[in-house]
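Pasting the structures here.
The following pair of complexes shares a single chain, chain A, combined with chain B in the former and chain C in the latter.
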Partner chain A sequence: MSEQTLPRTRSFRFNWDKTLNTTGAWVLALLWFLPLAYAIWTAFHPALYEVRFDLTAPLTLENFTKAWEAAPFARYFLNTVLLVTGILAGQFILCTLAAYAFARFDFPGKTVLFTLVLLQLLVMPDILIVENYKTMRYLGLVDTITAIALPYLASGFGIFLLRQTFMTIPKELEDAARLEGCSILGVLWRVYIPLAKPTYLAYGLVSVSHHWNNFLWPLIITNSVETRPVTVGLQVFAAADGGLEWSVINAATLLTSGPLLIAFLLFQRQFVQSFIRAGIK
Partner chain B sequence: MKFKRTTAQMNWIYAWLLLSPALIMLFAFTHYPAIVTLISSFFSTPRGKRPAKFIGLENYQALLNDEVFWQVIWNNLLYALATIPISVAIALVMALWVNGKLRGLGFLRMAYFTPTVLPLIAVANIWLFFYTPGFGLIDQIRNGLFGLPDQNLLGQSDTVLWAVMAVAIWKEAGFFMIFYLAALQTIPPSLKEAADIEGASRWTFFRRIIFPLLMPTTLFVSVNAVINAFRLVDHIFVMTGGGPDNASTLLLFYIYEQAFKYWQTGYAATLTVVLLALLCVLAIGQFFFLDRKVHYR
Partner chain C sequence: MKTLFRSLCVTAGAVALSAGTLASAYAVDLQFYFPVAVGGKAAETIQALTDEYSAQHKDVNIDAIFAGSYQDTVTKALTAARGGKPPQLSVILAVDMFTLIDEDVIVPFDDAATTDEDKAWLNSFYPAFMKNSQTGGKTYGIPFQRSTPVLYYNKEAFKEAGLDPEKGPATWEEMVEYGKKLVKKDANGNVTRWGVRIPSSGFPYWLFQGLAAANGKVLANADGNVTYFDDPAVVESLEYLVDLNKVHGIMAPGIIEWGATPKAFFEGQTAMMWTSTGNLTNVRTNAPFDFGVAMLPAKLSRGAPTGGGNFFIFKDSSDEQKRAALDFVKWITAPKQSAEWTIATGYVAPRAETWETEKMKAYTADFPPALVARDQLEYAVPELSTYQNQRVTKILNDALSAAITGEKDASTALKEAQAKADAILKEYR
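Our next item is the complex of A and B:
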């Protein structure tokens, strides 16, 4: 463009293009940030200031203590943490084994099976709630954390992602390890998994945030405090007609998303990078 | 020769052993329920001691005569048609901005992406407060700045779906931005230099070079957007419960209601078949439609 060819006039010209873009980007960003900012405002101020924006308004943590006492959030958090780690561990094991088979073995039915795996990207357990509920009832697992986790353990997305990563690892490394006397699982453990660490991190973050936020299936399959994850807990809490103040509900809302939000703000760069990495492959 | 064949066979066995745990789970909770759903859509709902009975196409007949079903389908198609292009377009603009060298890049990226990390159920609570008539922020602005009367956006059948869509767009755009950002970062800067030498305008550069190069990402993102438009109904639970008069009921929410509120599992299975068929047709159709326009590098 003209700036490049006429570098000397550059500093004298007001850059309309850049100003407009910056303004647009900021307006959109503020608009996007507004709901969260508003929730933070109400949660940290007394109910009186819900709709009065006074910078001198007193800050308080009372809404959080009220919310924490009004519902067993500690238990809900424990349930969610158990659920998320359980799913993650299961996914890592199952998907790693399957991805390795798809990446480095030749066997009859490989294409068909891989297609069936990919089909799960479209036909997800999230949609098959009616039949999966029947299965869980048959297995006697209704209202257990295991039942929330089971449908998600074998993830088509995870298998696909890890297979793509494993395929980029040079086969010579595997052959060398085999010559050294490594078993198949040994090769997987010593060669493939260490080299795929970034993919595991990316997939782990995607999986944790996805299952931390999941709602419909846990809502259906749980019906007690001992099994409910925070998302369902929040809904039960907010839907109860107790004349709850908005500030308390907003505090509870922030509470449930808090750990993820803080983790995201702390590791923003890695978070975005790993989402990128998970998406690119 | 014989040795070779046995190692090949050994490899088969290893492969099958490695695959079996994942495949068993996958079949048990994805393929099996999908098939059983199809089968039970031809059966009546079992009640008490009365087992399910084969009723042929009766469930489908009921479906065609169910006015609510048609309204729900229409709602969901409208929801998809509005949220998908808007959120994808916003995502693309966001990505172009974040990929540039604007001031406050860190804040911009954080503001765009944060909604993605929050649970939809929590997000819906925040937006519910926004929409509260007379009290929420939207009415505050309407009253304060424009002197307009209070309006219950979630309580009217002609506005409720749009109010719900706004939440979905807000939540999804940042997520899709990430994929565009990833794709933009793989475009070599030399292309921009070449375009500058040729004297191409920014718009031409975007339309003729950037946009075609982003086509595979657009395909990926929009298939994801289609799936999400039918899969995510958490905010309906919080904000409207499907009302008023089913004006904001989406298909999966309707399935939930039929199955777990009225225990019409046979009918719910039929609805699920429709949902699966819709998803397959839309995703595959989109693939073929957009695929012809995709320039793979």
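Our next item is the complex of A and C:
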């Protein structure tokens, strides 16, 4: 008898902790979603409904056409994609090799070098704009996608993150691989990289979204349509003097952030899990 | 046709290249940064004008580069200059002149404009615009996308309130009087239509100068090293602005957004608004009612600031480049091109000659409000511009915001601002 009633009373008991957590999560989620909801609302309706909520308001795609025509967005998208994939590839290669060296090898000056890498985390990239510009000019790279990417390739954050991950991987796995005749780089390729996959995924997301949204440096170092990313194209709309057209601005914002949003929704589960495993918050 | 022309150019270029570097010795390369501060066709119009110029002048390759907002443009230009590769030409806020001189990156137009004809050209701009463009007897900036604030009003609302729809308020007192008649409230006493809207977000100092100038006071001297923030006339102007809400109840309380102001006007949430002439084309296209444009109301006299961007020539350019840059600026400010630009954007054409062209005459006959801004130039004062301009205007902006939100009273806020500005500008005296 008691065995049957106990679970039943439990399921009816009001769980304060759980309710609070759920309500909190919903409130936060709604707050986060509100600007996006407003953007979607205004983007799909005529400008007249920017400040009026009316369920029967006519839907339109005109804002998207207007936004798309305001700048050569097709080319800008291509540039942004080239830029973020280029940066990501470069960062993965450089950071993996550096992190492997810092995690598993002993060499003179290791601590000093690693401190220097960590120091990079303390420097705001914006401070270095003039120096970076000088370097790019010296290399003859002004107005190229390479010039936008180059200052970010040796990422201190990436090196640090991967080193920490590599250090948590048991040395026994490496020893076993070495016994089987694996070379130094072979160990990296066959043992370390596969085990650090969640970290790569999490770091990749942070890097891609950061560079997708970066504005000031690309604006300064590039001059032509062939090299500029979408963020510079978006700037055409930020003309406050003439009165803001929120519907077109929001359509443009959705267009440019759309690919990232969709990618995140598609790979949401993997991202969330890898964030938890990699410990980035 | 255009593609044919392009492919011809490419072929010509290839031939020239194969003939050695001869061609590059003749062609002058110019980089030209431009900001976009009004929506619509501004960027396209500049591109079209530069293309037209390049087609007419085969010896000049001019590369027009969009550089974001005014703020972004000055950052980009200064970074490029410090990095050793400045543009030859850029449109930058007129008020950044002292900053650019301080950074030693620009040269005066007088260096390149040496002939009598050139000198006459330098004198052909409206004096109101040149006040912000000259210092120490030299001309550093050539007015291009210049504006001035005006008062827009809703004629239908005026009729409804029993006011003459052909006449905007002429004085401060009239604006308050009209405003009181124009305010509309619903049954619960909530305001559904305000009398007037003077935006104060971001850069309240600009429109505030319209009040101070009407009260007979400019905010800084011509050398850009003394400000007059705590002058009694300036304090009185700020009190008037604050009282529009606090005492008269004809303007919404708190900070009023710039970007949302035209919209509020279209939606009938305000019967009058103060904003830039850069909005003329926008209001003309989007206002669902008949609207009027008037000069800013007077206290002692009429008065308004100027605003907007000038052309600047950068220092690290060869003599040929400077001459070519000057030639381009002369061409784009010439009556025909200037008229096209003004009609496309609503900016005030900076030379009297432009207003005499057939095109402009037809435009103003069809749309007389465009003349109000020009006629107001007679009373215009230069926009606040000092050394360390960004810091000094920020001090004033903060003081104005504090008074508008009621944190401090007008005279305390302005006294504090003056003391801070003095501390910064001391070393430039």
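Observations on the model:
Definition applied: the second predicted complex is superposed on the first by the 219 of 281 C-alpha atoms of A that agree within 3 Å, B and C clash if a C-alpha of one lies under 4 Å from a C-alpha of the other, contacts with A are read in each partner's own complex, and residues count from 1 in each chain.
We take it that contacts are C-beta pairs under 8 Å (C-beta built on N, C-alpha and C of every residue); 3 or more make two chains touch, one makes a residue touch a chain.
Keep in mind it's a predicted model, so treat the numbers as computed, not measured.
In the superposed model, A:266 lies in contact with neither chain B nor chain C. With both structures placed on the common chain, the touch criterion links A:129 to chain B and to chain C.
In the superposition on chain A, A:89 makes contact with neither chain B nor chain C. Of the two partner chains, chain C is the only one that A:223 touches; chain B does not reach it.
Touch counts on chain A: comparing chain C and chain B, the chain ahead is B.
After overlaying the two complexes on the shared chain, residue contacts for A:26 are found with chain B alone; chain C is out of touch.
In the superposition on chain A, contact of A:235 is made with both chain B and chain C. Look at A:245: by the touch rule set out above, it reaches chain C but stays clear of chain B. When the two structures are aligned on the shared chain, A:118 is found in touch with neither chain B nor chain C. Applying the stated contact rule after C-alpha superposition, one finds that A:36 touches chain B and leaves chain C untouched.
Within chain A, the residues touched by chain B in the first complex and by chain C in the second are 50-51, 129-130, 133-134, 216, 219-220, 235, 238-239. Across the complex, chain B is touched by residues 1, 4, 17-18, 21-22, 24-26, 28-30, 32-36, 38-39, 42, 50-51, 93-95, 97-98, 100-102, 105-108, 110, 113, 116-117, 119-135, 150-151, 153-154, 156, 159, 184, 209, 212-213, 215-216, 219-220, 230-231, 234-235, 238-239, 246, 249-250, 253-254, 256-257, 260-261, 264-265, 268, 271-272, 275-277, 279-280 of chain A.
Those residues of chain A lying in contact with chain C across their complex are 50-51, 129-130, 133-134, 136-137, 142, 216, 219-220, 223-224, 232, 235-245.
Across the interface of their complex, chain A is touched by residues 8, 11-12, 14-16, 18-19, 21-26, 28-34, 36-37, 40, 90, 93-94, 97-98, 100, 102-104, 106-115, 117-123, 125-127, 129-130, 132, 135, 137, 140, 170, 173-175, 178-179, 181-183, 185-186, 196, 199, 201-202, 220, 227, 230-231, 233-234, 237-238, 252, 255-256, 259-260, 265, 268-269, 272, 275-276, 279-280, 283 of chain B. Across the complex, chain C meets chain A through its residues 31, 36-40, 42-43, 63, 65-69, 72, 75-76, 79-80, 82-85, 147, 202, 258-263, 267, 275-276, 278-279, 281-282.
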